[in-house]
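After this come two complexes, each holding subunit A, first together with subunit B and then together with subunit C.
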Partner chain A sequence: MQRRLVIAILVACAVLPIAFQALGQRQVYWLFVISEFYVFAIVAISLDLLMGRSGQISLGQSGFVALGAYTAAILNQRFNVDLPLGMLAGAATAAVASLVLGFPATRLRGHYLGIVTLGFGIAIDQIALKWDALTGGDQGIHLHRPALFGVDAGTPVRMYYVALVALVVAVLLVRGLTQTRIGRAFAAIKDSEVAAAAMGVPVARTKVLAFIVSAFLAGAAGGIYAFLAGFVAPEDFGIESSLLFFAMVVIGGMGSIPGAIGGAVVVDAVKNAAATVSGLSLALLGGMIVLVVLFFPGGLKGLLRTRRIRRERRPAPKGVVRQDA
Partner chain B sequence: MTQFLLQIALAGLAQGSLFALTALGLVMIYNASSVVNFAHGAMGMAATYVAYVLIARFEVPFALAFAAALVAAFVLGAVVQAVFLARLRNAPLLSQVVVTLGLFMLLEGLMGIAFGYNPRPMRESIAIAPVILGDLVLRPQDVLQLALLLILGVALAAFFAATKVGLGMRAITENTYAARLMGIPVGRLLAIAWGTGVALSAVAAVLAAPTTSVTPNMMDTIVVYGFVAAIVGGFGSMAGALVGGLILGVVVNLIDAFLAPELAMSIVFGLLLLVLYVRPDGLFGRAQVQKV
Partner chain C sequence: MMGLSKHKEEQMQHVLSRSLAVLALTVASVTTAGIASSQTATAPGATVEGDTIVFGQTAAQSGPQAPIGASKWGLEAFIASVNANGGVAGKKLRLISYDDGYQPAQTTALDKKLVYEDRVFAIVGSIGSPTTAAVYKALNEEHVPLLSMGSGSPIFYEPGLKYVFPSWPIYTTDGETMGNYVKKHFPGQAAAVIYQDDGFGKPILAGIKKSLGKVDLEIPYVPSQVDFSSAVIKLKSSGIKVVMLATIATSGAQILNQMDSLSYHPTRILTSSACGYGGIFGAIKSLEGTYCTAFLPPPGSSDPQWVEFANAMQKYGQGHPPDIYAAWGWLAGQVAYAGLEKIKGPITRDALVAQLETLRNFDTIAGKINYSPERHEGSCCQLLWQAKGGKWEIVPDSQFNGSAMK
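Presenting the complex of A and B:
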């Protein structure tokens, strides 16, 4: 993506709270909606790392988000642990869970991981409801006002910036990772496990690693979400939200960070716009997934790219010598 | 106590036959096209609405509505294969699986828009009073489920052993490319496999409907247990799926009776992980050698 466009978007995001002051009372709501979107985008990026880069399916990504959120919330409620540490603890818990889950699943062929993660997502939901001594059951957990290194972060504007910075850090981390040896190993496995193994890539270990990194990011997003919302309850993390994350990645175009973020924009918009009719957003997103796979395998990202290529391939006007000709 | 256990085992086998029917369809589709069909339950659910509308609006007898639902399911499965999956024949497997997930969301959403999420009651499949046998209570519905599973199991075994279509499907499982070279009409057989597989899911869905009521997500739990049954059975073995489903039904009923019903699926998945640690190819599966 062009550097200038990225900088423009970042600047726009950074000054958004100032523009929102014009909204008066409603700015608190809109700031929350957009901060929440940043957190969702982190989860979309984490899932894209797994699906788009290493070719595995997770249908329980919200299970990892839930683990991160509950870990942060419980630590905050009982030991007054603050945002950075709570977020890291949430991420670590999710990563450990993914290790237990990923080890048997990734040794297997096909899409077992999809099924096992689906069960994991359902199980986390059930346990959160049932184990009310720890999780508060369907009453959920209220968190203390968040602080960052002793500075109060409890205002909507400050939490907005926390979420924005977290998203930027997540993007940089994943971008960095894909350019390392490990990132190339992910890509090799996605193209062909057998060929990757022949090139000396430890297939099972690399697949589990992709799963762990993905869960770590999703858990971190969950930790931030807990502090952002100030409240955690089981209904935020059902199987439906796992499907939403899945839709973000597919619609955006697998294997691309801008794609995952763009997919998150589309899905979040559809979800909020179609909330009044039950079933409508599910049908729309399902239909979009089918259309994307059949006709636009690159998703949003692919659509933009083909347009750019077409533009570049237009014959040069007369009298102009193309540089690359 | 033994009588109580027997009663649980009986209920478990009856419920397990629904898991087994779902798993049989999943495995049939998987064997033919290597695709794990995540829309499996939703497609069975959609067909159940056909039976529901026929019974509730037009007062068609249950058996006839059941048959209509099966025909609808077969057509749905065959059309999905021919329209969506056939196009993706050369696409990565991941794309094919993703399409089935999209179809799952689409079908549940569409049924939700058309009929709403309020559960709609379905008439009992057979209106006979429960039979008391010694100390045991036999529900006719349970007997019907088990009997249908066994009949369909035998029929499928005969189908794969003796008919030309069944043999062709086994050839496709073995090696699709070679099957095509041998003159087997792969496209048509894939459509038949998908149609039959989805019809099996519809059998489970229509039989489940009097207990679960008809809702867009009526099959969600059953199909997840169907996945588990298929994995336990080695994902590829029809007999394994059948036995796996029955065992799972008993396990789920034991959990409901002695542990926590709200945690049934969590416990089942914990057990599944344990099974996979010990036997990565399921209890009945053979180790797979990956072909290049």
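Presenting the complex of A and C:
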């Protein structure tokens, strides 16, 4: 079932632009919205790696996204650097900057770490605003049309595939990582740092590594976003963005890639609905977070698991033998 | 148990790698089939078909900047007034307005929705410098008119932006209006500027310095700053007699209130963006005597343009007051209508642009506006209001004409 679902979703995503041909020029908007969602999903996965897998709270993830976006934008604007190199440079910059947070993380936990990461997010936003000789200040930076190895990638369809491939790569990377020794070390630290240390896990190094990988992915997402939107400005990377990414992970359910992606779907859908449907507002999102924390602390992931367990525990109808029985 | 789990993992890896191969194949086939290249964006709706002309707008209706989103109600009132009088060339006007929360990323997505999904004819009266900065180049390239954005940022007045028509005075005019008045009426007095350190405050500072030559003290601040006590103490201890504030509304209110709490009462001049809201006399107890630059008549004015706007707001404003923010929307409607009503024949975007570029000394609620094929200038002039007896009054002999098309 799970195997068929994964294939079906991937094939559906891959052929979506063909189906969207029927929309005519309307597809420009829809492809942009879905591409943007893929980018946000990468950020949600990156944050989930940090929070859900290694148990470290971050309220400043948009700071890493900003670093990736600005690095790509500055390189593109000044040196005409194209998309792959811009994205990788953005990811690398964010990964290097993550050391700033990674080392305090070795000493801090819980709320205190949350405050430090929050400060980091605010600082990046303000640096982008103040250092206008480099960042354009509040006027932002307009990028040149994106290119992919010398080929124009600026059409909505091509940017869609760039974002989709990036998301799939991010999923494979995180999934692969969680199945390695490093992933098990993340899980051990999340459960108990003392026990992990007793088992020989280098706690400090592993926590810093979680920050680096998470920041790398968020920075890559920022780099792609810069090319997708064609413009970056400090207002897009403030505390509100960090909290939206945080909400994606909480609503989706921590420690799960499908959960992070599901959370991104919900938050992005509510955000877009609040902007376009009169009478709806982001307060709806706030209410959802409260409900999830109070009644479904496991988020979408927990909700689906509970339903599956209930279904499995339900007695089978007479004459039917469960395959897993 | 372990064996099963390992088997499942291998199965999933297999599925994912196969799926990735499927994805790669699809991407390659779709992109090489030419579907991608056929979608270089050319905006739909370049010619009005049917009986409605649809405008699109993005304005913050949520978040800290939500008050400026009241512009929507002024634009709605203008559209309702036009429609009540038969519309334009027999066609009704309609507005689709979205809430961008003052987030440029959201503006980018919403403008794509307005242009490609809703197929609006023009973007009219969108609000905010950073939000408009995110989209003005793309709209210009897509030949979608961007009319009367709520900003005086110099980037929108650059030559070559054929489809971009600002209507506010450029921010440097704001500064020059202050500077000229100080030079004339407070000569020799120590003058200072406290300014928002961004694309809003810096051009105003530049305008002040252009007319005054120099100022005795310049104090920058960042938009998120909430405590200005050290800045106020610095102004007071430096013996500054005239303080010009290139600030947004909230920062302006905080600075003036902190001046009052420190018993510091210099001559104060605010920018137009800091004094447009209806509750300012309640928010700043020490407002009496304060000046404010303006390109609109003061609320409650007997100016015929304001009276027409206020009456329309009462009739069509859906309960929203006729304040300055709503007047921004009314102004945007006036600009769009002025171009549309001059079109003879099919209503196209290019025809609208051509007609707008013929407007000289066009009378609006914001004074006279000039456009030409070479220059899209917006409103020429600003003057000063002064707070007197709980309301704003126009200061005689305070008008500054910053137009290069005089």
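The criterion applied here is as follows: the second predicted complex is superposed on the first by the 307 of 325 C-alpha atoms of A that agree within 3 Å, B and C clash if a C-alpha of one lies under 4 Å from a C-alpha of the other, contacts with A are read in each partner's own complex, and residues count from 1 in each chain.
Here is the rule we go by: a contact is a pair of C-beta atoms (placed from the backbone, for glycine too) under 8 Å apart; a residue touches a chain by one contact, two chains touch by 3 or more.
Computed from a predicted model, the values in this text were never measured in an experiment.
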State whether A:G150 touches subunit B only (first), subunit C only (second), both chains, or neither. neither
Of the partners subunit B and subunit C, which touch A:N272 in the superposed model: first, second, both, neither? second
Touch check for A:L294: first (subunit B), second (subunit C), both, or neither? first
Subunit B versus subunit C as contact partner of A:G200, first or second or both or neither: neither
After superposition on the shared chain, which partner residues are touched by A:Y161: those of subunit B (first), subunit C (second), both, or neither? second
Touching A:Q126 in the superposition: subunit B (first), subunit C (second), both, neither? both
Go through the superposed model and pick first if A:D138 touches only subunit B, second if only subunit C, both, or neither. second
Please work out whether A:W30 is in contact with subunit B alone, subunit C alone, both, or neither, and reply first, second, both or neither. second
Does any part of subunit A touch subunit B in one structure and subunit C in the other, and if so which residues? 126, 129-130, 281-282
Mind listing the subunit A positions that touch subunit C in their complex? 2-3, 6-7, 10-11, 13-15, 17-18, 21, 24-30, 32-33, 36, 126, 129-130, 132, 137-140, 142, 152, 154-158, 161, 164-165, 168, 171-172, 175, 179, 225, 229-231, 233-236, 240, 271-272, 274-276, 281-282
Which residues of subunit B touch subunit A in their complex? 34, 36, 38, 84, 87-88, 91-95, 97-99, 101-113, 116-117, 216, 220, 224, 227-228, 231, 235, 260, 262-263, 265-266, 268-270, 272-273, 276-277, 280-281, 288, 290, 292
Under the touch definition given earlier, write down the residues of subunit C that touch subunit A in their complex. 9, 11-12, 15-16, 18-20, 22-24, 26-27, 30-31, 35-37, 39-44, 61-63, 98-106, 108-110, 112-113, 115-117, 129-131, 133-135, 137-138, 153, 155, 197-200, 222-224
For subunit A, which residues are in contact with subunit B within the complex? 51, 55, 57, 59, 100-101, 103-105, 107-112, 114-116, 118-120, 122-123, 126-127, 129-130, 193-194, 239, 243, 246-247, 250, 277-290, 292-294, 297
